[in-house]
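Two complexes come next, and they have one chain in common, chain A, joined by chain B in the first and chain C in the second.
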Partner chain A sequence: MSIDRSVGTTAAPLPRIWSIFPSPDAARALGMAMLGLTLTLIIWQLIIVLFKVPTYLVPAPTDVAGAVSRDLPLLLEAAVPTITEAFFGFLLGNTVALLVAVSFVYNKVVEEMFYPVAILIKTIPIVAIAPVLKIILGNGIEPKIVIAALICFFPTLVNSVRGFRAVNPQLLELMRVLSASKTEVFLRVRVYSALPYIFSALKISVTMCVLGAIVGEWIGANKGIGYLLLQSMFDFNAPRLFATILTASVIAITGFAIVSMLEKWIIRWDPGVAM
Partner chain B sequence: MISRRSLLAAASIMPLASLGLGGVVPAHAQQKQVKLQLAWLYNAASAGEIVALKKGYFTEKGLDVEILPGGPNSNTVQEALSGVAQIATTYAPEIMYGANQGLPIKTFGAAFQKAPLTFYSLGEANIKTVADWKGKRIGAGQGATAQVKAVLDHSGLKFEDITFIQAQIPGLLQDQVDVVASWPTNVAQNAPVLQHAGGYNTQSIWDNGLQFQSNYYIARTDLIESDSDMLAKFLEACDKGWAYAADNPEEAIDMVASMSSAIEKDKELASLKVIVADFIYTDETREHGFANISKDRWNATLQTYARIGEIKPELTADDVFDDRVLVAAQRTKR
Partner chain C sequence: MNAMAHAATTADTGTAGIAPARVAIDIDNVAVTFGGSSKAVRAIDNVSLKVHEGEFISLIGHSGCGKSTLLRTIADIIEPSEGKVSIFAGTTSSARAARTFSMVFQQSVLMPWAKVIDNVRLPFEVGGANPKTGNFMDPREALKLVELEGFEDALPSELSGGMRQRVSIARALVTRPKVLLMDEPFGALDELVRDTLNVELLRIWKQSGMTIVFVTHSLQEAVFLSQRVVVMSRRPSRIGGILEVDLPAERDLALKDAPELGRYVARLRDMLGAG
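After this line comes the complex of A and B, so read on.
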């Protein structure tokens, strides 16, 4: 059995993964964004120069650019462990969240028992729990992955539970009439209704997991973005500090772009919900 | 007598050893695994330990040491307690708070003979003594309020007489505080103050009634009691490492840099020179040897901390310090 999902689809049925900027509108939006960014940088530079703000306090964009070009090998080297930790944390956190969400949707008792636990996990201050995780999991990559995973867990859980439930009742009715099994209902109806919600959550957690990895590195590391941030702060090396912050942002934005592309590639029907 | 089997085993290991460990003494079967948890990142303050690792001084003593970096979120007392590391480095207040909670942790040596914490102010402010702090804005790290209290208490002032602000050197330069705490070992970070046209004044905690030491080696009390021999060997290797770092500071910093890519060698070199000259080697190490700890100083510090209400008054030096490792170790007098 199959259900026509193309109803309401407006875009051309071409592979959409490569068409991030499909319309002139999007190109204009990009242009305007670049203009805004450039203007901000110019104003920032002017303030630094005019008010003679010392570099150790806030570096000018040119200082940061200098630090980026000078320390590029260092920044790239530091990015590798952080990306690795964030990636595995992202996988772990979201996989667990999805499994828990499914169990919640199919078992009311489980949800009643463990939803409060999930909320409790969300409210744990990560900075406070990090040293404990280090003692439990050791000094390697593991505590960093778990911290990144903890941060990813909750948004995905909440959104996917909502998504799995946000099924059109008529569709469920239809499935029942067609005597579909529970598995069929799940794979052919619930997953589709949940995917837009899940992707909204993934977009949040993909940026958060980088933050988690950095917090993880603050409990003890000799490589990674978190380590570089610390050492630069300790040295009052503001240009390199800003260059490292920039690197962390680039990692998060790249992750966001990848998830957005996957979303466009996977969700080809009109989900009918705002994202 | 060497058996045929062990000879064969040795022969099969040798090519591996020459491949992987080129130049380094191969680890013997009886090598003891030891983890050292640092309180901070790899830098000049841990140069002696890193040199001991890189030059194979730990291996010579039969120890297979792994040095773990710390950071601002790292709690080394807890890590030594839980067994994540057998040995950790930490600062005096952490040891006192641990003893105050009855935690089975003690120090057995102190790499830094004097705690470096010093308060800097610009010349124009004309703050010559701690008594001049009255009504001023005092900046320090969040964890340093007890030290500020102790120093104030020594000069007959109260914490309420000042305004405490969490700040670092830039805060002083931006006129957010009148006095700011820093380590004189951070030569490069303090440079804007040291080069200030109007001069600067300093008050160290050491000269103002708080004579504790720093970068203490700590371990669980049961480990100190059961294996002081291993800890003595560890201390001897650190001793040798620091001596080498003192004689070859450039090479020592190269070794530190090989373990942490982000340090700036020139800054760390300047820092190491001050650390070695003023903090690792003092009159007391000349008389008693490396990493020496004085019980009288501990008692005085504990009394001070009890007086300002940070710890309970019944604690003595024996609650925070075990001298058997210092006694057992062959230490350089320098």
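After this line comes the complex of A and C, so read on.
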């Protein structure tokens, strides 16, 4: 995961407090994206209307919009359990991944033994693990949280191990000259060096954990976005199906936006500059 | 402190004139070997050198000749394979723990996430240092010494390369070290900035009475700054010769273009060729 940080340093630097608001560059990028999205929706609408595609196969954007406004209470009700599962899965998966990463960085043997295990877990498709977790953990919220956590675990593990090691070697020499302890090196140097890596992993896993929660709901749930997706499919209610997909997407995008804002708020230095 | 520095500079005129000063660093028959027994590389071999208190001494040699290795051995970053280094008759590791010496690297090695003032304060906050007993300098005073007043709250990325290097010098000075070890500190800076910092370094050296060991590959810089220049031969590196620089104690930028400095540079070049 390379970290791309083309921070907009072209204009005169604004006071740091304003940096969470979009710069002119960012505003333009947002405008172009909105334009592209609008055009896509118009083309979609035109295709449905011109080729007379039946609504029960593919609904037009206007049908989806109708379903959203009609089924809004239903969608919100479904969103609550999914958000809860995704949120706790995100916390669990990332916390465990960070702890494991720290143990890897400080103990070579642990890394040699358990990195292959982590890769093994990663190679098993999540939909294959899901039934096992259902048997073990039952029909409640637990298996969904664990699936969401599993899906978050690997990207954060890999990135944070890399991040904790991506320390300027001269900074480590300086810490040695200053007789700093391992804990001091970790808290004052490694954590900060890893933060950009950790955040790029969190931005991946925040969208993945929504996916994990939905997959978890597919194998056994009577509420949530995953359940509503299946129900809409069985009912041939394509507009509601699309409205539910849209809801899942909004949840993921909101999570991404929150993590991005946290990142901007925490990482106020420019990690791309060599010191 | 001033008087002592003055004594050291004026006493330098004779060949054995610095005898009255205490030995600050005693390098006794040191060898450093890197790598395992099968493909071991001997970086430095058979190096003995006494650096006197208050002296400004430069190490010079072809790139990769082991001058940085020798400096890192003094700084207790590398352990010598043979021989030993003493600092004020004690071990290098006790000198490190007591903050007897500070080190300045080729890069500024600042923490990009920390404000300038927090970077300067780092030596107080790690390695069990206690500012109350340590006779340390106020970090603001250290910044004043390198002419960076008013930049306390800036981030390193907001400063130029030369200013960053000044911050790293302030960080080295803040513990009032008796010995300053500098590893090509101005090597990455452009010539104008290097000239200015050369003059400032001499001013700080005279004010403080510190002992400075300065690694550089610039012959001109070595002559301009030093009382003695140690020429190191190619790998395995030994001391090829020592040049006493008998220039006035008061040195300003005009000296850089003076013919007497040129003559010393020419002699150094001869010694390097022979070494």
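FYI, the second predicted complex is superposed on the first by the 250 of 275 C-alpha atoms of A that agree within 3 Å, B and C clash if a C-alpha of one lies under 4 Å from a C-alpha of the other, contacts with A are read in each partner's own complex, and residues count from 1 in each chain.
The working rule: a contact is a pair of C-beta atoms (placed from the backbone, for glycine too) under 8 Å apart; a residue touches a chain by one contact, two chains touch by 3 or more.
Quick caveat, the model's predicted, so the values are computed rather than measured.
S.K.: Putting chain B and chain C on the same copy of chain A, do they fit or clash?
M.R.: Superposition result for chain B and chain C: fit.
S.K.: Applying the touch criterion given at the start, work out whether A:Ala248 contacts chain B, chain C, both or neither, answering first, second, both or neither.
M.R.: neither
S.K.: Look at A:Val100 in the shared chain and tell me whether it touches chain B only, chain C only, both, or neither; answer first, second, both or neither.
M.R.: In the superposition, A:Val100 contacts neither chain B nor chain C.
S.K.: Applying the touch criterion given at the start, work out whether A:Asn222 contacts chain B, chain C, both or neither, answering first, second, both or neither.
M.R.: first
S.K.: After the superposition on A, what does A:Ile48 contact: first (chain B), second (chain C), both or neither?
M.R.: A:Ile48 contacts neither chain B nor chain C.
S.K.: Just chain B (first), just chain C (second), both, or neither: which does A:Leu171 touch?
M.R.: Touch partner of A:Leu171: chain C, not chain B.
S.K.: For the overlay on chain A, what angle lies at chain A between chain B and chain C, C-alpha centres, nearest 10°?
M.R.: With chain A as the vertex, the angle is 150 degrees.
S.K.: Return first, second, both or neither, reflecting whether A:Asn139 touches chain B, chain C, both chains, or no partner chain.
M.R.: First partner only, chain B.
S.K.: Touch check for A:Val127: first (chain B), second (chain C), both, or neither?
M.R.: Only chain B; A:Val127 stays clear of chain C.
S.K.: Once both structures are aligned on chain A, how many angstrom separate the closest C-alpha atoms of chain B and chain C?
M.R.: It is 48 Å, taken between the nearest C-alpha atoms.
S.K.: Under the stated contact criterion, what part of chain B meets chain A in this complex?
M.R.: Residue list for chain B touching chain A: 37, 41-43, 68-75, 78-79, 82, 84, 168-170, 173-174, 188-189, 192, 259-264, 267.
S.K.: Can you list the residues on chain C that touch chain A in the complex?
M.R.: 72, 75-77, 96-97, 101-103, 105-113, 122-123, 125-129, 155-158, 164
S.K.: Tell me, which parts of chain A touch chain C in their complex?
M.R.: The contact residues of chain A facing chain C are 13, 168, 170-171, 173-181, 184, 188-189, 192, 195, 267-271, 273-275.
S.K.: Under the definition above, what is the set of chain A residues touching chain B in their complex?
M.R.: Touching chain B: residues 54, 56-57, 74, 77-78, 127, 130-131, 134-135, 138-139, 215, 217-223, 227-228, 230-232, 234-237 of chain A.
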